[in-house]
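Each chain carries a letter (A, B, C and D) given by its place in the written order, and its residues are counted from 1.
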Amino acid sequence: MSTRYLTLTTSCPDRAGIIAAVSGFIAQHGGFIVEASYHTEQEAQRFFMRQEIRADSLPFDAGEFRYRFVTLAQEFDMTWQLSDSAIKKRLVILVSKQDHCLDDLLHRWRSGELLVDIPCVISNHEDLRGFVEWHGIPFHYVAMPHNNEPDKAAAFAEIARLFDEVRGDVMVLARFMQIVPPDLCTRYAGRIINIHHSFLPSFSGAKPYHQAYHRGVKLIGATSHYISDELDAGPIIEQDTVRIDHGDTVEDMVRYGKDIEKAVLARGLRYHVEDRVLLCGNKTVVFR
Amino acid sequence: MSTRYLTLTTSCPDRAGIIAAVSGFIAQHGGFIVEASYHTEQEAQRFFMRQEIRADSLPFDAGEFRYRFVTLAQEFDMTWQLSDSAIKKRLVILVSKQDHCLDDLLHRWRSGELLVDIPCVISNHEDLRGFVEWHGIPFHYVAMPHNNEPDKAAAFAEIARLFDEVRGDVMVLARFMQIVPPDLCTRYAGRIINIHHSFLPSFSGAKPYHQAYHRGVKLIGATSHYISDELDAGPIIEQDTVRIDHGDTVEDMVRYGKDIEKAVLARGLRYHVEDRVLLCGNKTVVFR
Amino acid sequence: MSTRYLTLTTSCPDRAGIIAAVSGFIAQHGGFIVEASYHTEQEAQRFFMRQEIRADSLPFDAGEFRYRFVTLAQEFDMTWQLSDSAIKKRLVILVSKQDHCLDDLLHRWRSGELLVDIPCVISNHEDLRGFVEWHGIPFHYVAMPHNNEPDKAAAFAEIARLFDEVRGDVMVLARFMQIVPPDLCTRYAGRIINIHHSFLPSFSGAKPYHQAYHRGVKLIGATSHYISDELDAGPIIEQDTVRIDHGDTVEDMVRYGKDIEKAVLARGLRYHVEDRVLLCGNKTVVFR
Amino acid sequence: MSTRYLTLTTSCPDRAGIIAAVSGFIAQHGGFIVEASYHTEQEAQRFFMRQEIRADSLPFDAGEFRYRFVTLAQEFDMTWQLSDSAIKKRLVILVSKQDHCLDDLLHRWRSGELLVDIPCVISNHEDLRGFVEWHGIPFHYVAMPHNNEPDKAAAFAEIARLFDEVRGDVMVLARFMQIVPPDLCTRYAGRIINIHHSFLPSFSGAKPYHQAYHRGVKLIGATSHYISDELDAGPIIEQDTVRIDHGDTVEDMVRYGKDIEKAVLARGLRYHVEDRVLLCGNKTVVFR
């Protein structure tokens, strides 16, 4: 896994010649493309592209690439970004008391599957300090008072301060069970990923498994999504479902649900970390 | 498939000794149970049971079984039913113009997989007459006027008349695209099965694939359910989902959706026909 | 669906600049790419590409495109092909007595989902003549004698003659239950698709559901693949599985299996018809 | 989860009256059945049954139940077993260097989902000692020499000694990567569960993901099974598959595979621990 890649993601108004222009630019500098994905969003008439290039095939580094690409990007009115696989994204995980998603992410991290740095974990409970610190990761406790809006705002301000202090790139709400205030949703738009324990848009809000139980559905689901200022309504990254039947209680659903929550969050986060997720309004293009 | 079975389904308030009493009754007459299923609904404190008995192991027929079982049923305050596999249920199919569910059901019927009689198919369009009549099944056209409530009521009255005339046991709305009036929902409660092209409760009502497209979900689904007087809110029998991605248009969803609609309707109908579905309020117990 | 597309599929030894050269060629003539897919097969060091171009964006037709593309193709040592969506592929279906795959394919064809012409259906039994002819499709009976190799060879020669006579592009063995002789496998390599009722390579050969039953597997599967001269060992196009349990008999497996056989064959055939399947040795690249 | 249950599992030659006799015995003592499952294996003409009874509904404990049940069990020639939920099974986990299954099982254990005691973990490498001991679980290192059969036999003898010493009930090979000698397979028949990283019977033996890659399958799988003296051929408890495509390398398969390995092992082990798995020759009846 020591090969180094530059990953270019762009979106722009659709027209003929975009692929030719961008791949021409890359080829002109000898760039070797190892993975390329394209998509046209019909309604928005917008074109999306992701290209992974072997860094050692280029005569310059990421900075120079960016500098030279600007002209082309302006010509096509592109929103674009270039990532260097040698520079890992910095992930901050927020948890409450439930640890199944945390355990899953930390295992993927320590086994080298999830290629990020984790500068800290933040929680409104002390329960998981020991497990986090065993990994050598700093653990920050931030009190989150019930029913006290000013104190809650202060707590979230502290979370934002910690995130900025460690220069976080992406924040994951790994069953954090707290509603993030609108100002932070806006400030970190496209950078905070939540896992919701239902197949959205069904059963948004509190206690989705109880809602599912009372409706008598035959499958339950989980959804990883970027948060927005509307609760459980942000852009969906990944979803999955699992079969249940009449014999399953709410407790059974919680147990099955944990497994798909972990899977759906881990997949969604991996897509984000690998620059596979591009935003298109309130929808996502995911180049798997 | 020539072996004949009696299928006993019961539900009653939960208490100790129910299985012993019912299986004792069957054993006392030499009855050979080939399949037995039990379930306790915790919230409702209600017990559900289904037993399939080889008819040739009993010294009497279904009528005599029913007569003798009455005392026991009263003792446990049971809601119960006994079916004889030699007497096929009579299925009436309602269709509009889309024929994927109709084609699927008729194929299962003519290949001997779906063990029902189909006395007729009813439609508000003439398009599918030829295909239905090729099977030797009578086809009835019932005009269904737009935006004319009295005429619509008359059309549904005609449908009910046809259903009663052929002594229908179960009616399937195989993408019928019309809202059944509340009086028929009540009159045929637990006997009309609809296929809805979404994973309910998401995207109830009209154009679910368009709704799914605009919400940006990563899976689409289908639901077979008994209709009730609240639209798309009746007891769910079966559901399934299929993965889509950002590249799929509404037309693609329609195409993928057809396959799960067929599958989910066929499974739900089979469960109903084999007396595997028991109602518990607005939920179902499905003994697969 | 009246928009017309040209679809270009190519494969060649991997090197830098392929995408740029091909997309440059297309852009130079104003070609509007609506779907583009790329893949590098690491072991074979081979590059695969599929591009769908709006025909009305080009100043010339398919013939002229082919003529002009030759130089570029030679430069990169490409194996390539250009299809015109206005010219439908011609599908010949071979069946025996079981009709679930046939019914499924014909329904998709008559509903406009499967965009092919079906010049004829060939069978070694008369059973399905009526159903096929109802669709207005010619039905040819070819006797297939048991245990008589010369007569069997003659029967397959007749099948090949019929296929050639109607200028067939692709032949589907829709549960044909006969082993195609090696010379035809070679002659029509990459053009004959079989549906095998197991998750290959498990349970190749005869009676896969019986094999699955006796091994006690918890899922059964189906595989659509190009046939080769080694039985059930050709390049796999599509596979799927479905859950069973201890309560399922061989007959139950046959019933569940039909549903995935239909689905897996229909998907595999669609990929082939839309030029989404490229061969790489005994493996396939499938640009879904 | 403090309610205490007795779980009775039995199998015997099939005949009429078994359910009546057993449920009659339970009812006669006021036993309240909360879950009941039945199955007849047609070929073997054998009947399987599992009943979960609320311990507080019975006037006696597990020992007395066993004593009183003997007569009935003999009458029907039953193989049977009675478990008390208050007495946890003792699980010994064997690992090598890969820790995804270990991490998953230990998380389920410490979160209270997997209701077992874990007296020790045994490994032929020291790598995972720290993680195991953090949980307060003893970790035993047993050297496992390559290519030295006598030393290998001695290592397995030591493993067996440790298992017996801690009175182990079930041993899990959580990617142990060593072949258990036949004498231990026999001695602990039905008590050693292995996770194999393929959808058996495909790709048994070494390097299944490499085998899958070269065959070009479109799904990969995992299988949890009891080991027997024939490699990867013992009774299957649980299986699952996940979709891959041409773009996935062996490394990608390994990564996807870990997730289904964990899931399939955890489910299989839970079924075993809850006495839901009954053996029928080389097959299993799994009462989920």
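Throughout what follows, a residue touches a chain if its C-beta (ideal position, glycine included) is under 8 Å from a C-beta of that chain, and two chains touch if they have at least 3 such contacts.
In this text the structure is predicted, and so the values were computed from the model without any measurement.
Trainee: Looking at A-B and B-D, which one has the bigger number of contacting C-beta pairs?
Mentor: More C-beta contacts join the chains of A-B.
Trainee: Using C-alpha centroids, which chain lies at the maximum separation from chain B?
Mentor: For chain B, the chain whose C-alpha mean is farthest off is A.
Trainee: Cα centroid separation between chain B and chain D, in whole Å?
Mentor: Centres of chain B and chain D (C-alpha means) sit 38 Å apart.
Trainee: For chain A and chain B, let me know how many angstrom lie between their CA-based centres, rounded off.
Mentor: A distance of 41 Å separates the two centres.
Trainee: Find every residue in chain C that makes contact with two or more other chains and list them.
Mentor: Residues 35, 247.
Trainee: By the document's touch definition, which label belongs to this structure's chain graph: line, ring, star, complete, or other?
Mentor: Topology of the interface graph: complete, with all chain pairs in contact.
Trainee: Once bound in the complex, which stretches of chain A touch chain C?
Mentor: 16-17, 19-21, 23-24, 26-28, 30-38, 40, 57
Trainee: So in the complex, the part of chain A that touches chain B is made up of which residues?
Mentor: Counting only chain A, the residues touching chain B are 39, 41-42, 199-203, 215-219, 221, 235-241, 245-247, 249, 280, 282-286, 288.
Trainee: Under the stated contact criterion, what part of chain C meets chain B in this complex?
Mentor: Interface residues on the chain C side: 35, 99-100, 103-104, 107, 111, 113, 134, 247, 255, 258-259, 263.
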